[in-house]
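Chain IDs A, B, C and D follow the sequence of writing; residue 1 opens each chain.
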Amino acid sequence: MKKGKVVSSITEAIHDIQDGATLVVGGFGLCGIPENLIVGLQEKGVTNLTVVSNNCGVDDWGLGLLLANRQIKKMVASYVGENKLFEQQFLSGELEVELVPQGTLAERLRAGGAGIPAFYTASGVGTLVAEGKEQKEFDGRTYIMERGIVGDFALVKAWKADPLGNLVFRKTARNFNPVVATAGKITIAEVEEIVGIGELDPDEIHTPGVYVQRVIQGSHYQKRIERLTVAKQ
Amino acid sequence: MADTRTKIVQRAVKEIQDGMNVNLGIGMPTLVANMIPQEYNVLLQSENGLLGIGPYPREDEVDPDLINAGKETITTIPGAAFFDSAESFAMIRGGHIDLAILGGMEVSEQGDLANWMIPGKMVKGMGGAMDLVHGAKRIVVVMEHVNKHGESKVKKACTLPLTGQRVVDCLITELAVFEFTSEGMVLTELQEGVTLEEVVRQTEATFTIDPALQ
Amino acid sequence: MKKGKVVSSITEAIHDIQDGATLVVGGFGLCGIPENLIVGLQEKGVTNLTVVSNNCGVDDWGLGLLLANRQIKKMVASYVGENKLFEQQFLSGELEVELVPQGTLAERLRAGGAGIPAFYTASGVGTLVAEGKEQKEFDGRTYIMERGIVGDFALVKAWKADPLGNLVFRKTARNFNPVVATAGKITIAEVEEIVGIGELDPDEIHTPGVYVQRVIQGSHYQKRIERLTVAKQ
Amino acid sequence: MADTRTKIVQRAVKEIQDGMNVNLGIGMPTLVANMIPQEYNVLLQSENGLLGIGPYPREDEVDPDLINAGKETITTIPGAAFFDSAESFAMIRGGHIDLAILGGMEVSEQGDLANWMIPGKMVKGMGGAMDLVHGAKRIVVVMEHVNKHGESKVKKACTLPLTGQRVVDCLITELAVFEFTSEGMVLTELQEGVTLEEVVRQTEATFTIDPALQ
């Protein structure tokens, strides 16, 4: 059981991701993104991907690598302003884009993972986001119906894991990762450190291993910073 | 311009009361953080999963795992808590955040807000703005009163795609402060040195004037 | 700020709970229940309460105390089998009861706390639970619509708190408490220990203080065990 | 009676495969836990917020903050995780639990299950049963084939209020094992020493017989 869900290479971790797959991916900006898995997908060269992630990386890092490589067919995100390639491909019609309010995106992923096919929210009412969506009144207020999302694969980045797939995240690198982890038919977690079974405090596990099918030790973490901001001395 | 922003931010900080949980939008609203009175216990929320934003880090404190919603490196204050994005927006959408101060491109006399998209230009996405406008207990918009071309951004009706309908509670510009009530848009304050005539001239929206002002 | 949200007595903590209030209450069986707050309500004698809680205590402890005292008008729960008083009052028509599948109850409380007025679930389809509820098909499967729940007051029990209201729970005493904490207009947490601000690890806080309005140090915890089961030696 | 239960439980444990995440209902299903092969890595889920139930505690290990869904004191195994009730049922209802073994009062030939309520008697509530039957990937029901009065509990249609419609994948009694497929209810195994005739006689439901049995 020492090995458990731990796989020995990125190649093995993503071996069954095929052209046309839907991927749900954790991270916020470049913080807490599954760096090694994304690079692995770039090298593997699978195409026609639908990617659900809050952002789409920058031109030369994170999901931007897959954009540059023309591997993404459709992007579902809340904010994509950091990426010029994105703009080009979107305006040329090469890339299909679905913009979703950030809270709705998080909730849709949680719903998908929790077996909830749809829910109502006020976010987006009276805006472009509401177009074509079912509306309903509750207690005198209007809401729109949003659907849960489940991906073929979920790719997340955690700080620590054990071989059962229990995950612990660090600071704001947690972000979308725990909800994304619940929303994949197969969930692959890359982590900074794999500890022994029983070494994680059961009260402090953020993602129980039941959601995770594969764990891979990542390497050479760049953890790029988008906006280095320091205090004025 | 710097003076304009300073005026707006200085007025905006007065919206913050001791003990509040507050979300500050990207851009001008972020500047409000530095002006919150030291003696106040205010928790700033960052929608990427933090309640209790601290000041920017010293160079030796910088941590790539610790950023705000604007993707800037930050620190935390004692008593801070981290959580995931679903929890963060449960907090926002469930009405647990007392106040959100957001930037604006246009505000209408109905309290509609447009602040996320200019058709024909690159679409960046709405991020968490559409959630905040429906979730936080009070929505304060801070923006310059007119655009580069001298046109009023305080409109009869927004011309840009909306972030939310009838969501703004208070609008603060370098000229004035407006509250949005069930009776419509009310001018409640003039910024220092600004005349009522100037506000009327620069405002496309129809508004009433708080009796206290007259 | 040392005091923060900490109040000094149970009486003060519940001073504004009035007759007819809706209370959402944490705990599973007698595990992780707000013992002192419940005893406080019994002493206060408020009546016509609507109580939402997974269970209703036992005859002489937990929410059973409020039943015995005829303070509960309506109970919303998933399992009430441990309580004879409950049976009597229910059969005599004194007590109104709404039985809800446990997962639906947890989700309704989470939804209430998260600003979601309604969601769809498969739980209860084709059963008495579905009666009078809107049904809808998604991807060929039938679901029923369930509503979010928000109480006037939420009563929870945590292990540790700080004066900002950040909460940490212990083992299975966590149960419904974190979702209940989100679902009260005013949330009151009774805890075993109050620590200083900054003493809780920000990565290990289960309930951020934003959900909690009052913290009270509980005393004389009985932590009764319903079914003491030990290993055969 | 003890023998009947042992037979059922012994057969039920064969449904558990190495590596599975399993939820065991209250009562007879709980007995399955003790018979899981030692070499298996199986995680038992408790819907009050635990994945990784361990054996019952020694007297000096008893902890009132650590109970299972049947409110019994328990322990945890290494690698266990605690979580709240919403997360627990997200896990169950989102299809992340491989197998649930539940008790039954009646099972119909359509795979309907009734196991929570007897009208006229005290209503205890459904607890998590209605969630489990729609959430877990495979639903195995364990129950005695006939009731105290000798009447078949394996029915053409349930007479008691349902827990779920068409939710049972497998029924294990002291007489036989049935699988529920798109073609209906199929007898797949006879318990040791039981004849086909006996199963037919004791079963009200209509079923087909797996060719391998004939």
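Everything below uses one rule, namely that a residue touches a chain if its C-beta (ideal position, glycine included) is under 8 Å from a C-beta of that chain, and two chains touch if they have at least 3 such contacts.
Small disclaimer: the values here were computed from a predicted structure and weren't measured.
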Chains partitioned by contact, chain A not counted: one piece
Pair joined by more contacting C-beta pairs (C-D or B-C): C-D
Chain A and chain C: spacing of chain centres that average the CA atoms, whole Å: 32
Chain centre separation in whole Å, for chain D relative to chain C (CA means): 28
Centroid distance [mean C-alpha coordinates] between chain D and chain A, Å: 35
Two or more partner chains touched - positions in chain D: 50, 76, 82-83, 89, 92-93, 134-135
For chain A, residues that touch 2 or more chains besides their own: 107, 110, 114-116, 121-122, 169-171, 174, 202-203
Touch-based graph of the chains, sorted into line, ring, star, complete or other: other
Chain-chain contacts as defined at top: A-B, A-C, A-D, B-C, C-D
Chain B-touching residues of chain C, taken from the complex the two chains share: 1, 4, 110, 112-116, 162-164, 166, 182, 197-198, 200, 202-203, 205, 208-211
Chain A residues touching chain C - in the complex, by the definition given at the top: 107, 111, 114-122, 136, 138-139, 141, 143, 147, 168-171, 174, 202-204
Parts of chain B lying in touch with chain C, wherever the complex brings them together: 21, 41, 43, 45, 50-52, 76, 78-83, 87, 89-97, 134-135
Touching residues (chain side chain D, partner chain C) in the complex: 46-50, 55-59, 62-68, 70-74, 76, 82-86, 88-89, 92-93, 112, 117, 122-131, 134-135, 161-165
Interfacial residue positions of chain C with respect to chain D in the complex: 28-32, 54, 77-82, 87, 90-91, 97, 99, 101-107, 109-110, 121-129, 159, 169-179, 206, 223-233
